[in-house]
Amino acid sequence: MNAMTDRYETLLPLKAEARNLSFYYGNFQALKNINMPIYEKKVTSLIGPSGCGKSTYLRCFNRMHDLYPGNRYEGAIDFHPDHTDLLSKKVDPIEVRMRISMVFQKPNPFPKSIYENVAYGLRVRGENARSVIDDKVEAALRGAALWGEVKDRLKELGANLSGGQQQRLCIARALATDPELMLFDEPTSALDPIATASIEELITELKERVTILIVTHNMQQAARISDYTAYMYIGEMVEFGVTDQIFIKPKRKETEDYITGRFG
Amino acid sequence: MNAMTDRYETLLPLKAEARNLSFYYGNFQALKNINMPIYEKKVTSLIGPSGCGKSTYLRCFNRMHDLYPGNRYEGAIDFHPDHTDLLSKKVDPIEVRMRISMVFQKPNPFPKSIYENVAYGLRVRGENARSVIDDKVEAALRGAALWGEVKDRLKELGANLSGGQQQRLCIARALATDPELMLFDEPTSALDPIATASIEELITELKERVTILIVTHNMQQAARISDYTAYMYIGEMVEFGVTDQIFIKPKRKETEDYITGRFG
Amino acid sequence: MNQQELQALRAMIVAHKRWDTLFGVIGILALMLGLMTFAALFADMAINGLGRISVDFLTSFPSRRAANAGILSAWVGSVLVMLVTAFAAVPLGVAAGVYLEEYAPKNWITDIIEINVSNLAGVPSIIYGLLALGLFVYTFGLGQSILTAGLTLALLILPVVIVATREAIRSIPQIIREGAYACGATTWQVVSDHIVPYSSAGILTGVIIGMARAIGETAPIITVGALTFIAFLPTMPFTGELPAGPFDWLFAPFTVMPIQMFNWTSRPEAAFLSNAAAAGFILVLMTLAMNGLAIWLRYRLRKNIKW
Amino acid sequence: MSEPSARLKKDLTRHVKERVIEAILFLAAFVSVFTTTAIVYILVSESWVFFQHVPLGDFLFDTQWTPLFDDAHYGIMVLLSGTITSSLVALLVAIPLGTIIAIYLSEFAPFAVREIAKPFLELLGGIPTIIYGYFALLFLTPLLQKVYPDLPGFNLLSAGIVMGIMIIPYVASLSEDAMRAVPMALREGSYATGATRLQTALWVVVPSAISGIASAYILGVSRAVGETMILAVAGGMQPNLTFNPAEPGATITSFIVQVALGDLPHGSIGYQTIFAAGLTLMLLTLVFNLIGYYMRKKYREAY
Amino acid sequence: KVDGSSTVYPITEAVAEDFQKSKKNSIRVTVGISGTGGGFKKFCRGETDVSDASRPILKKEMDDCKAAGVEYMEFPIAYDALTVVINPKNDWIKSLTVAELKTIWEPGAQGKITNWKQVNPAWPDRPLKLFGAGADSGTFDYFTEAINGKSKSSRGDFTASEDDNVLVQGVARDVGALGFFGFSYYEENHDKLKAVPIIEKDGKPAVLPSLKTVIDGTYQPLARPIFIYVNVKSADKPEVREFVEYYMKNGEKLVKEVKIVPLPAKAYGYNLEHFSKRVKGTKFGGENKVGVTIEDLMKMEAK
């Protein structure tokens, strides 16, 4: 099945493009021949029932699966403007991760100070100049709409923040290194409604500067924040399209069933 | 706020009733003055955004919070037909748990054989007669629609089953002791769509025999399986009513916003 | 459920809870047995030895006269040997633990290392002494010195440090690792910036258990050539005559507390037996101080680490 | 697109640096293998001399152990029986007590009790063993003789019991860690069916933690098997082929220490026996550890 | 650098202590205890200057020394009197003959002679419990040779310990006990123990061990000399020379002070003389000799 024959319907610049992407956990094929474009400076969201492979797909983009033995990619993710296949063996996963950052489901600040959490990505890149780091940390915290709340307590532990603040701290950490693409894996599912709202607002602001790919199990959220939406089901990409179109008149019966709560 | 003034609109027999229930994690009030009926042999579902207190509320019914220090209940849960207050200090939590069983979000089979997993509740009650246990184990596994799949491998470890089977095993374990009320906390959120469908079907069958209270973060699921639905938001019970009515024309604005994906 | 069934249920619960109470009592008794034994042994040493404990006892060298004998060379030796042990065992053990948890592929080499580590935990200490004599003293030519003794004990406690390190590393949530990798960190950066700092509390526990054992060991130390009578201290860095380098003390002859104790317990004069008790008392105090320091450190470290 | 862009290409220096670090860490891990190899090499090469004088059959099946006597016999069974008997006694003390304490601390005790009691319990392992030896000889044996007047003044029983007390912290502290690592979800599952604390502890927590508990036991066994001073002081040092703990006996380790620090000329056959005995002990602990390893492997995926 | 036997240790310790004091700590002396065998091993590798020995150097060790080119001088420095002791409540033993001791200790007695009655029908029907030094010690070698006529030939079923205090405890606690160990341990514990007068041969008187009887040679055959060995090369070093001379000059006083039986004053004089003449080698030809009195020894020294 290939739902992507109409994928060049828009003329927007591409940031990345999955081509015939399959993925295996050992012998278990979790992704089946996925094709999907990711447009630059847009928010693309992935929806689908639990276990359909959303996280698996997302984690291909920063080669997270390389951390565990027995995982195998097939196909390619073409990354623009380099036109390089992110999954190629010749590509260094560390370089990939330096350009594509990720925010996780559960906020996972390091048990270090707020400042050090944000500075970590810079330190990893060998940046040591205090003034450069200071500036970038401030910029990232501002970008994550957290600067006002923490500017007087940069030395405190990240874990002392509230859940929503922690998640914004993680976003600041991911932002600090000027990524080209940011991956979000259900970033609000562990947060309360108010924190969720603030993160959603933030994501909407961020797309001015960076391309965003976000997994969510919450269709309402996808509808609210994304420009494009992809619906996945058991490892397959069922439908991809402009968000409004997917939610209002999906092309495929499966998508419609899921969106109206009638799949099974 | 009390959304329950119209709570006796039906004449169905009650199984339990929360009255002015508040709950505190230490100093943090997680539930605020909740009133809610639970009708006998019906499925009641709890929906609401993450962190609104669904799990906290559910776990009051079997006094799970007693396991951790610093937790405090206020108000009462009146349990029918004997009108026992489940939260009373005079009522032994063990007694409560023997009458009210629970299925958790993540399947948590014990590291024992399938047979022993199901027999556990009986053994806890001091039942030792092999024939009695055999019969009840079979009945419970049949009730959980698992008997056909496991009848030849009862001696195998429960952990060897697939996720969906494990969850049904946990349901069988909860069923084996003929509970009067069963609590489900997001029982399908860790399962794939097919396993989810089978669990949903099972719950629909179970309500012939037992009262069910289920937490779900999936509104479609609530719509599919429950007779009554309660919407919670930050520790409060916003609206309770017949499921169809809640989803089609909720009385309160907040509920409608949530259901149509526009809260915040 | 009717009233009658409810009554039966309640009766059963009461019966079950009786076992709970019983076990609670047995548990306290068992715990008390352990703690009381410790208290009794400690008190016994205190009673027998307290008369001998004085500043003189701590600042005198051994002597044939029980009343003049002291443990200066012994406790200084113990402290120095423990220093070497800690400096050798901690990096080695942590490195090994980190390798096994963060790098090792799941293959037979890893399995062999794993079996080896737990097997070494059961090798009697005297055999380490024989090994060290052949290896450190003769093959590497380190002599019968503080360095040799420290390294020997380091080998002895290595398995404990490794096991504790691995357990501590395992308790770091995977999500923290993924967070660091996602920032573009290399494996080594993840290890040195995150894994090791966050597991240091657990590593400390292992070090403490190991060091408590090492500080009381005799047999391997005698085998590698610890002395019994030694009435001078190793040259401390920068205090000796000029040619003495800062590491001369590593190669100095030495004795340690337990050796002094064993020697005194086997002397005929009863006065030496109270010396032994006093030395034992101080040895336990040293262990206690070490433990206390570590427990405090562990507490400080844990406070800063929340997942 | 076969060649990646310059920015995404593998960074060779970084790659090499990572490999070097990995190699260094591997070497650190390999120290344990190296140590074992060195120990085995020393033991085997030295026992080689021994086995040229003493046939293996005699070593394994002779029922007397008198290697230092004029009429020398080399029946390792005698020392093995002492080692096994005293270790068994120690384990019969340490395992029930240690496990009970572990269960109590992990499932019953209030937080404060656990945090305070544990470090003190761990101190039991830090008392010099000679103190334990005299404790067995001067306190426990007379006490046991009150109950059982025929007990000789030196016996494996009281040495074993005291050894058991000494290894309680190993068993209790490590098992408790293992039990605490059992996910709360399993406990909740049990409590939710109406189980009491004890039922939950015995039927769910202990089986789930069994792999960690097993390694605690193994470490305890190893420590007991390798213990020396307590037996040397209170056990009688009398080579005696018996599995009756109420008799005196000698163990492999106490024999080794005795000879290694004694007056025998080094290099004599009598001296060489310590290597043969040491080798036997190594093999014994290896067997324990292999059993433990397979047990853990079997139960590792339990939850 | 001194190392070696634990029997000789107290004397050497005392000498080292005073010597260091008299030199105002300008000379550093160290003393270790690795047993006579361990001491000789180091001595014959040239690692130590002086070796404490509770027995004469043996053939194997002489070979080792020769191979390494180490020459040595032998100096007896004191007497170790083995004392046979019984429980103070034992009222049936007034004295023991060497023959009776032999009946008790010979290898054939193992498992057979377990009752006092079996040794002498006049004695009561009481179990016989034996205590002695470990089979690896010079003490044991000497005792067996003196009593059973052959070194290391003994029954094996007795409680052995390197730590004589343990033996003291054993004998003090058991009415039917009999043991042997160094004189000083008896001296310190004579309220808990009873020494047995020994009859060397029929017709000779029963002799109790004491300073006097050992020195005048009437306490036989259980008194043995103990030694230090000095490396000839080291003897040329001024500090070693001064140490040995100090040893011999103050030996008598210090030996007494640590409750060991000194040689007659004359003997130390001989030692000094031999030292200055650098008399090399051993007078024992590589084996233990029994029943050497001070007189004999001095005669041998005079040769």
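Letters A, B, C, D and E name the chains as they come in the text, with residue numbers starting at 1 for each one.
FYI, contacts are C-beta pairs under 8 Å (C-beta built on N, C-alpha and C of every residue); 3 or more make two chains touch, one makes a residue touch a chain.
Just so it is clear, the structure is predicted and the values come from calculations on it, not from any experiment.
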| item | value |
| --- | --- |
| Smallest number of contact steps required from subunit B to reach subunit C | 1 |
| For subunit A and subunit B, chains touching each | C, D |
| Longest centre-to-centre distance from subunit A, chain (CA-based) | E |
| Inter-centroid spacing, subunit E versus subunit D (mean Cα positions, whole Å) | 37 |
| Whole-Å separation of chain centres (CA-atom averages), subunit A against subunit D | 50 |
| Gap in Å, rounded to a whole number, between the CA centres of subunit D and subunit B | 47 |
| Whole-Å separation of chain centres (CA-atom averages), subunit C against subunit D | 16 |
| Sites on subunit D at which at least two other chains make contact | 14, 196, 199, 260-261 |
| Interface hub residues of subunit A, defined as touching at least two other chains | 94-95 |
| Multi-chain contact sites of subunit C, meaning residues that touch two or more partners | 16-17, 186, 222-223, 265 |
| Which chain pairs touch, all of them | A-B, A-C, A-D, B-C, B-D, C-D, C-E, D-E |
| Of all residues in subunit B, those that touch subunit A in their complex | 49-52, 188-193, 196-197, 200, 217-221, 223-224, 233-234, 260-264 |
| Complex contacts: residues of subunit A adjacent to subunit D | 76, 78-79, 82-86, 88, 90-92, 94-96, 99 |
| Of subunit E, residues touching subunit C in the complex | 1, 3, 6, 9-10, 12-14, 16-17, 20, 25, 28-34, 42, 47, 162-165, 182, 184-185, 187-189, 254, 257-259 |
| Complex contact set, residues of subunit C against subunit D | 16-17, 19-20, 23-24, 26-28, 30-31, 33-35, 37-38, 41-42, 44-45, 91-92, 95-96, 98-100, 103-104, 112-131, 134-135, 155, 158-159, 162, 167, 171, 186-188, 208-209, 212-213, 215-216, 218-219, 222-223, 258, 261-262, 265, 280, 283-284, 287-288, 291, 295 |
| Interface residues, subunit D side, partner subunit C - complex | 14, 17-18, 21-22, 24-26, 28-33, 35-36, 38-39, 42-43, 97, 100-101, 103-105, 108-109, 117, 119-132, 134-135, 165, 168-169, 172-173, 177, 181, 196-199, 201, 215, 218-219, 221-223, 225-229, 252-253, 256-257, 260-261, 278, 281-282, 285-286, 288-290, 292-293 |
